[in-house]
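Structure record follows, encoded as structure tokens.
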Amino acid sequence: MSFLMDAWYMAAWHHEVVDVPFARRICGLPMVFFRSRDGTVAALEDRCCHRAAPLRFGTVVDQGLQCGYHGLVFDCTGRCVHVPGQERVPPKAMVRAYPLVEKDGILWVWPGDPARADSAKILDYPFHDDTKNWPHKTQHYHVKANYMLLVENLMDLTHLAYVHKSTIGGNPKAHVEAKMTVTPKDQGLHFIRWLPGSMPPPSYQKAAGLHGPIDRWMEFEYTAPGVVVQWTGGLPVGRNAMENRNQSGGFSLRILHCLTPETESTSFYFWSAANGYRQDDPTATTDLFKEIDTAFSEDKGIVEAQQEIMQETGTSDLVNIASDSARMQMRRALQRMLDAQSSAP
Amino acid sequence: MSFLMDAWYMAAWHHEVVDVPFARRICGLPMVFFRSRDGTVAALEDRCCHRAAPLRFGTVVDQGLQCGYHGLVFDCTGRCVHVPGQERVPPKAMVRAYPLVEKDGILWVWPGDPARADSAKILDYPFHDDTKNWPHKTQHYHVKANYMLLVENLMDLTHLAYVHKSTIGGNPKAHVEAKMTVTPKDQGLHFIRWLPGSMPPPSYQKAAGLHGPIDRWMEFEYTAPGVVVQWTGGLPVGRNAMENRNQSGGFSLRILHCLTPETESTSFYFWSAANGYRQDDPTATTDLFKEIDTAFSEDKGIVEAQQEIMQETGTSDLVNIASDSARMQMRRALQRMLDAQSSAP
Amino acid sequence: MSFLMDAWYMAAWHHEVVDVPFARRICGLPMVFFRSRDGTVAALEDRCCHRAAPLRFGTVVDQGLQCGYHGLVFDCTGRCVHVPGQERVPPKAMVRAYPLVEKDGILWVWPGDPARADSAKILDYPFHDDTKNWPHKTQHYHVKANYMLLVENLMDLTHLAYVHKSTIGGNPKAHVEAKMTVTPKDQGLHFIRWLPGSMPPPSYQKAAGLHGPIDRWMEFEYTAPGVVVQWTGGLPVGRNAMENRNQSGGFSLRILHCLTPETESTSFYFWSAANGYRQDDPTATTDLFKEIDTAFSEDKGIVEAQQEIMQETGTSDLVNIASDSARMQMRRALQRMLDAQSSAP
């Protein structure tokens, strides 16, 4: 599999990009990120055009980023604007710059052809700015697995019963019998699963004090290549969750999952968890974060092991089962985009 | 060199295989071992047929082993007997199972064609069960070297004088002048070395209080591919060791060496050491174990260094010497079995 | 790039080679070094001709080096002189020996054709023996970069202003405006840079108590493939440094840099730092050493990062600038020697 380059990927949380440059590889490309003196953010190739020294060793100066080896300076477009000891800047002195947009607390990078980068297509996620109704915490992991294994993980939620039995899982039978509706979307898919009258999993009990049976929903929207928006919640049986889940006062949480390839076999898992209950109580946000953090680390463990064995043995002999339907639609949505990329001029 | 697949290899000590599955790679094949609820042991491919998740993340259930990712259940023959959320099990849903036999405290696995697995050919080692006369302790190392380098190590005992001079070695001259008789066997070879009237090595002195000259013997039997049975001992000069070594009351020890390939360049070294003296004194067993453990770790160090350089430079220019005779017979015995495997139907 | 084999490389400091053998890989060749009982030093292939055991596990004996596995003994020319258990030494039993010369506290090895090894061509560095006028300390690093990146580092001193700003660097403008004269030499080049009336860098201030403006010089002589001799100093403005720098009483230091390839992507950086001021005060030597050690570790960091990215992306698109002139002459000098090697009989 080759990467889908003409796409927006989450590159960093906004608080990671400051006036000290830092490096991250995205879709195989070594990039350096920094915030320039006027506050704008930039992503450049992490390799000086003079002696290939990584620009992450550099310093932010008035004109942009100065290489830490022999002092060449690059502006936010990658153009070299100063070479110490000479008046003239050689015309070939430049590094690649990547379109980078800061929005909703997220830095989105476009590794592909800049001419096709349309920032209007970037995800809207207003919840990050609505800290009154959706207080949240953020996290990211470095994962030793292809990013698609993380996306697949989110497309088949029956894994909750086995991987997360001590955290966010719950009764296996309830998960297996969940009513699931999958709807294809232009650039991905949407699904919702209902677990009516099921016992709340350990995390829900701890976080929200739910102890009796609840009507539980899990709404997921995948946008290719690497974004999954999740809205999950529960209401005690009898409160008509299917109708009332949008009303305030219910119990629910929102998770944003951004899965970004680093290399073919490694990736970044950025996520935020926002609590739509007890919004005035900071411990609610912290407690929810801890539960999710434990659960997602369980996912990390299993996909890393999966990556290792898949790399060795391939996948051609694997057997699909009923719960794979969303996963297979997800693969098709991504394939359509890869095909479009191949046939682009 | 490719592996001899149609053979029994030691896979684990019996106490390693419990109701929590554990993984070990044998002859390049990722395997998972577990003890099912009825007490029988099983070895399966460590890769679920659904999404390739390693089955070592699974749980032992009534019907067998349940995958820890999406809950498929496999019985001890590798057949999938349950897929959560659907009635029908797809006919292709299965994983490979390996013949596995528990005997004398050892688990023996057959990585090759199950149709040719004959458990009658497995080594008899009754000493493990005779704890009255042969109290023992067990150990295993992970060794970063091809298993044959460990076998070779045992076929040329002149190394004791150089590698183990501070433990089980002894006088170099005595080793070099040892009288050695090598006898070919159907599937390997037998040799005995006599060091008449030699001073006991440091380990013997510590363990058995021998200080004056002894008649020392070392009897080794190699069974291809990876089993070496050792019986070693000594009697003070004048007690006619050649005749009396089988009598009780003498000083001797038995070591079982099982050398099992993990990959082409790594292996497992399983061994047990049993003391045929001071059997009522548990410190005799422990002291012997410690001495052997130190000595075999010295072997591990040297064969790992040997592996590294052989991998880089090959072996075609190496020069044989007189002490290589057993090693060369051993290689021929193994080659006969590899040839037989190649010409098997 | 392949190595220049017909050349002298620094292999070790004299105090590293004692009667316990130690191993180091030079130009890709695994070597073992030891001092024999008569005090002479030897470099052999680190691989016994019997079973390829590394000879670094061996022991120095009267006749030479005895293998630590089965006891073969090799003399300093690599000839096997003893095989335990047999009278006759097989004629093919030998290991490769490398010309090795001990001079001025340095061991120089010749990895190429011994017939072309001319010890008259080895660097003279009398300062190591003149501890009255040039007290010094030595160091060496293992560097994860091709040795040429270390040589290049020394050929473009504008990096001092950026890499070493907190140690031996100084004002960027002064470095950029330095007057530099490059002179080609038979087997390398010589350059001198003058920074007239510049402020002393932090290291100079700390080490020599210089605080006002100085006339600072940096004299470097490169001898291919891997030796750089440095003489650096400063005198307060008005003391006519250009004429008087050779007089005693001035402030200067001498650094010997020996860059030796281990593999294509790793190397050894040996260096010594001698203080030509406050020679009676041992803390002057120690303080200078600490400053240099900090600064050179900064170089190590940047060239290791450079190696990593160059290995991935190559260097063909890099852009030269004015300060690269000595670096390019250095490359040409080395290329001449590589060409000579290729066309040697």
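A few comments on the model shown:
When the chains are written out, they are named A, B and C in that same order, and each has its own residue count from 1.
The rule is short, and it goes like this: a contact is a pair of C-beta atoms (placed from the backbone, for glycine too) under 8 Å apart; a residue touches a chain by one contact, two chains touch by 3 or more.
This is a predicted model, so every value here is computed, not measured.
Between chain A and chain C, two chains of identical sequence, the interface residue sets overlap only in part, with shared numbers making up under half of the total. When chain B is fitted to chain C on its Cα atoms, the angle of the rotation, on a 0 to 180 scale and to the nearest 5, is 120 degrees.
Averaging Cα coordinates per chain places chain A and chain C 48 Å apart. With touch defined as above, chain C holds no residue shared between interfaces to two or more other chains. Against chain A, the residues of chain C that register as touching in their complex are 152, 156, 158-159, 161-163, 172, 175-177, 301-302, 305-306, 309-310, 312-313, 315, 317-323.
Those residues of chain B that touch chain A in the shared complex are 30, 46-47, 49-54, 56-57, 66-72, 83-86, 90, 92-93.
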